[in-house]
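Some structures are shown below for you to check.
Two complexes, one shared chain (chain A), two partners (chain B, chain C).
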Partner chain A sequence: MQAVLEHSPPAGATARTTKRTGFLLLSPSVLILLVWSIVPLIMTLWYSLQNYNLVDPTLHGFAGIDNYWYLLTDPDFLHALLNTLVLVAGVLVISIGGATLLAVLYDQEFFGRGIARIMVISPFFIMPTVSALLWKNLMLHPIYGVYSAMMRAVGLTPIDWLARFPLMTVMMIVAWEWLPFAVLILLTAVQSLDGEQREAARMDGAGPIARFRYIILPHLGRAISVVVMIETIYLLTIFAEISVTTAGGPGVASTNLAYLIYSRALLQFDVGGASAGGVVAIVIANIVAIFLVRAVARNLEA
Partner chain B sequence: MATVELKNLRKTYLTEEIIKGISLSIEEHEFVVFVGPSGCGKSTLLRMIAGLEDITSGDLLIDGQRVNDVEPGKRGLAMVFQSYALYPHMNVYKNMEFGLKLSGMPEAERRAKIENVARTLQLEPYLNHKPGQLSGGQRQRVAIGRAIVRNPKVFLFDEPLSNLDAALRGQMRVELSALHRKLGATTIYVTHDQVEAMTMADKIVVLQKGVVEQIGSPLELYHHPRNLFVARFIGSPPMNFFSAIFQGGDAAGSSVQLRDGSTLYVPVTSPGLLPGTKVTVGIRPEHVELASSGPNSGVVEVIERLGAITLVHVRMPDGEIIVVQTDGAVLTDVNSPISLTLPPRNCHLFAPDGLAFEACHRHPLAA
Partner chain C sequence: MALKAKTSTRIGVTILGWGIALWLFFPIFWMILTSFKSEVQAISTPPKLFFMPTLSSYAEVFERANYWHFALNTVTVSVAATAIAIALAVPAAYSMAFMPSKRTRGTLLWMLSTRMLPPVGVLVPIYILARNTHLLDTCTGLAIVDMLTNLPIIVWMLYTFFREVPAPILEAGRMDGATRWQEMTMVLLPLALPGIASTALLSLILCWNEAFWSLNLTSSHAAPLTAFIASFSSPEGLFFGKLSAASTLAVAPILVFGWISQKQLVRGLTFGAVK
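So, the complex of A and B:
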């Protein structure tokens, strides 16, 4: 015991040295990550306070809050904000609602279940740009799209979906892409439900609907909140699908915040205005993230 | 309270027959235990009664009514599962309330019932707890409470104590017996633990490979096993077996010749066997007596001292091992020679087909 006590100070020193070495070894990657995220953030903040338009070099200098003022009073901005929320909420509802039902369905035994599962997962492996193009040209095209052919076959007039219901169509495409992810998570969750619990519910006289409502849905609560969080983070920044299908139009009918910033910066070359949009987007994303993380954390603790 | 009757019940999975025609009748208030090694079909049989498994053929009658095609929730049964199967997102109160709520019982009545049961099971302080906050024994009680509040005709238990530690298992066993005495409900209980079977049952059903080996009271099974399987399965440590030659019998008993040449006159009737037939002699470790000299001598190979009792494993000259349960303070050493006395009244004889010879006198406790 005595010997151990006598040896302890050097041991502590070793621990300190080890800790310092650890910090030193970690620092390059931490530094790079810091530079990677902090420098663009500071540059964005700086540009957002500047008059800076690539096509008009004569207009420059400090702009104060003008960029923010123009952005926040621009009806397009409010429209884009609303579109963003509608898009996120709509895709969440469709993908999670559909996935919950599919997960329960795919949990049953039926012939060809393995193949059916692979097929329901497969949209997730397709790049957003590719799937948007597929939907636009192969499925929804008013002249040679599959849906148009189907509608003509039963005597209806084909609809130009992307022109008539641009936001709904984009929502549908994105939901199609995200449904597999939700199915994957929720299916594993359904399968982790203890079989004896379902049987106990049957013994308690619960039919299929009561079992779904009182046993399966509560069991899925956590998994659903995780899906909501992950999907929201990605859905706030939908870009490829809009760019490929509608380019935000007609007008700003399908422009969300990410696309608005893009169009300001790279279509109108207004670096200052786009940066202001970027800062607003960061603020909104963080507000959403705080609420979500809290809600999910509470759900996970319970 | 109700009777349950099984008439030639069969269950086939794909092509394999799991339950091979079981007939059984369970009286009102009776506590029936299904025992058997794992894979014998005891749980399947219980689940068929519960309605969680389809019945391939045969009839299941509860209170004289055929319920083969009745939904599990409508058979008037309640089941306690091995994993308890409590609903994790509901508190104790809601767990017990779920079935009552689905049956459309009014709120006030539900509350009165649940509080009454909670009082009986000492669950009152935990009504607002979620199952995750309870210990194993408390969860077990909630599962039992959930079964009791529904006031079922028959209670079904599927190895309910196997997830508890030994001390708690002993305690819950006593509590369950007391509860059964109090409620007087018809109960079917599945276990692989013969202590549970022996202590709780009015009637034990020993199953093997989907077939009933014997039905009887615990002591009937212990004193008068119908065949080799039951003799081996009931009793711990298991019965000793060794072969012998049947010599002949009369009304008072049958005599057999043991390997060492000595004869044993056992008070069992011989079922028309020819002298010279090879039979099996069985005797429980607690009935063999140690002697310092005499016939049946062997060498002590292993001694297990359990405090109150000692198990002595004796290697006989023909290589067989006979286990003797004796006093805890017995002074015997490994490798020392020893003789065994086999009291004939405690010996069992088994014919080549495994069936036991009928005893001339029934044991008073197993009438």
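So, the complex of A and C:
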């Protein structure tokens, strides 16, 4: 009590000191992130207004909004934008939907559950380049792939997945990488659920589906927010998987924004155009971020 | 619950649980299996499950590229980036959790939004900056970029862990005359250690697997394992044996590390999420 009295009188001063300390502790991270996000952004903005092509030095000078105009009126751009959103939404739906069911499954006790769980979460540790190569060559290769062999074994004609359904196949590969992450999080959330509560629901005659719908699902809200948040950050910028498997093709069938900008910058050496794409991508990422953050922030705060 | 479940249900759950696990794990299993095949066995149709294992693919991989050079770069970069990011994030998260202001929430969300910038959007400027500061193709340069890309997530995770630490415990320390620094290092850190450990684990995994920057900012001197894999991919996609051996070598350390630490990883990741 005495201590409290000693500390409480100069309330205004303490509050100000706390504020300053808080600011000082926070500032290193804020500062370097500010530099990290602003400096390249300004440089990108600058380049985006220039005629700047690495293979054509005669073309230079101020371009105004030409780069943006070319980009936004390019049908490829719209396609890439759509592909980006489809990839993010598709992988989120597959990984969260799948992981919710798997979390319930691996919450049950069965023989060798520990090993089965480790197997399920393993793909998360595999680097994107490796998993893309693995799926492209060992699994889905139309002649030598295991899946093709299986299809032949049951009398079907193997499908060249990456050529026929490029976007969907890339989505499945990415989902394979991120489903385990969602399982990891949601399984722990399910396990933290009070056993008595579930038992009580069962006693009251709630069937498995009702128990899932009314007991387990509401409990997962916050964990799902965490998964959505972290996964979206990575899914918006998928790159390695596309680069390794389809190189964005055929045409632009599996090109997302990240890959479109990359192909402009590094394959066509159009720094100006690529920078304009970069600015647009950043704007879109921020729009998604605002929506996303609004949607999940409430859950994260709780 | 499981004990009382009908035997048939239990058998069903066992089969389903193992079936899905095997299916999801199969590509990794097959990669490891193929790495022990000769090139001829690797592309035999139908694929062989049983064969005479050989180390020839591994021998060729080691002959062609200095694996240890790449692996050492990956370890150096991942550990350095994680250590620096944690050191910067702890004070920031501490400040957000225990000295919140009107702007705390906005700051946190802004930090996370910096992470949503597509790296390709700023590839050109970052490349030019790295070149002008002589950080291109150095572990230092790559570690700085990895640190910056992971910092927002690390701050956010630490923030959620720190919020779970009851403020009165810290205040009690302060009453006893502890400075902010002592309060942070001697009271908060031990309490939040599981959370910090799992944040570090996640950061290590993400750095290990980071491909975009490592492929674009390094060439030979600082090239990590992602570049090692890339050198085995495009021109010879059909050499399945060598490709599998190189892939296995690139993922084995982090896979084993992940298996060992998965409990810790989960505990920390969901510490804030499941309460």
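Throughout what follows, the second predicted complex is superposed on the first by the 262 of 302 C-alpha atoms of A that agree within 3 Å, B and C clash if a C-alpha of one lies under 4 Å from a C-alpha of the other, contacts with A are read in each partner's own complex, and residues count from 1 in each chain.
Definition applied: a residue touches a chain if its C-beta (ideal position, glycine included) is under 8 Å from a C-beta of that chain, and two chains touch if they have at least 3 such contacts.
Quick caveat, the model's predicted, so the values are computed rather than measured.
Enquirer: What does the overlay on chain A give for chain B and chain C, a clash or a fit?
Expert: Superposition result for chain B and chain C: fit.
Enquirer: Does the superposition put A:Pro218 against chain B (first), chain C (second), both, or neither?
Expert: A:Pro218: touches chain B, not chain C.
Enquirer: After lining up the shared chain so the two structures overlap, which partner does A:Pro40 touch, if you call chain B first and chain C second: first, second, both or neither?
Expert: After superposition on chain A, A:Pro40 lies in contact with chain C alone.
Enquirer: When both complexes are superposed, which of chain B and chain C contacts more residues belonging to chain A?
Expert: With both complexes superposed on chain A, more residues of chain A are touched by C.
Enquirer: Could you say whether A:Phe62 touches chain B, chain C, both of them, or neither, answering first, second, both or neither?
Expert: So A:Phe62 meets neither chain B nor chain C here.
Enquirer: Quick check on the superposed pair: does A:Ala210 touch chain B, chain C, both, or neither? Answer first, second, both or neither.
Expert: first
Enquirer: After superposition on the shared chain, which partner residues are touched by A:Ala153: those of chain B (first), chain C (second), both, or neither?
Expert: Second partner only.
Enquirer: Per the contact definition in the header, classify A:Ala201: touching chain B only (first), chain C only (second), both, or neither.
Expert: A:Ala201 sits against chain B, while chain C stays out of touch.
Enquirer: Rounded to the nearest angstrom, what is the minimum C-alpha distance from chain B to chain C in the superposition?
Expert: Minimum over all C-alpha pairs of chain B and chain C: 6 Å.
Enquirer: Give me the intersection of chain A's contacts with chain B and its contacts with chain C, in residue numbers.
Expert: 199, 202
Enquirer: Please name which positions on chain C make contact with chain A in the complex.
Expert: Per the touch definition, chain C meets chain A at residues 1-3, 5, 10, 13-14, 16-18, 20-22, 24-28, 30-31, 34, 42-43, 45-47, 88-89, 91-92, 94-96, 98-101, 105, 107, 109, 111-126, 128-129, 148, 151-153, 155, 160, 174-175, 180, 205, 208-209, 211-212, 215, 225-226, 229-230, 233, 237-238, 240, 243-244, 247, 250-251, 254-255, 257-259, 262, 265-267, 269-270, 272-275.
Enquirer: For the complex, give me every residue of chain A touching chain B.
Expert: 194, 196-197, 199-207, 210, 214-215, 218-219, 221
Enquirer: Within their complex, state which residues of chain A touch chain C.
Expert: 3-4, 7, 18-19, 21-26, 28-30, 32-33, 36-37, 39-41, 43-44, 47, 102, 105-106, 108-113, 115-131, 133-139, 143-144, 146, 149, 152-153, 176, 179-180, 184-185, 187-189, 192, 195, 198-199, 202, 222-223, 225-226, 229-230, 232-233, 236-237, 239-240, 244, 257-259, 261-262, 265-266, 271, 274-275, 277-279, 281-282, 285-286, 288-290, 293, 297, 300-301
Enquirer: Within the complex, which stretch of chain B touches chain A?
Expert: 50-52, 71-74, 77-79, 81-83, 85-90, 98-99, 102-103, 146, 150
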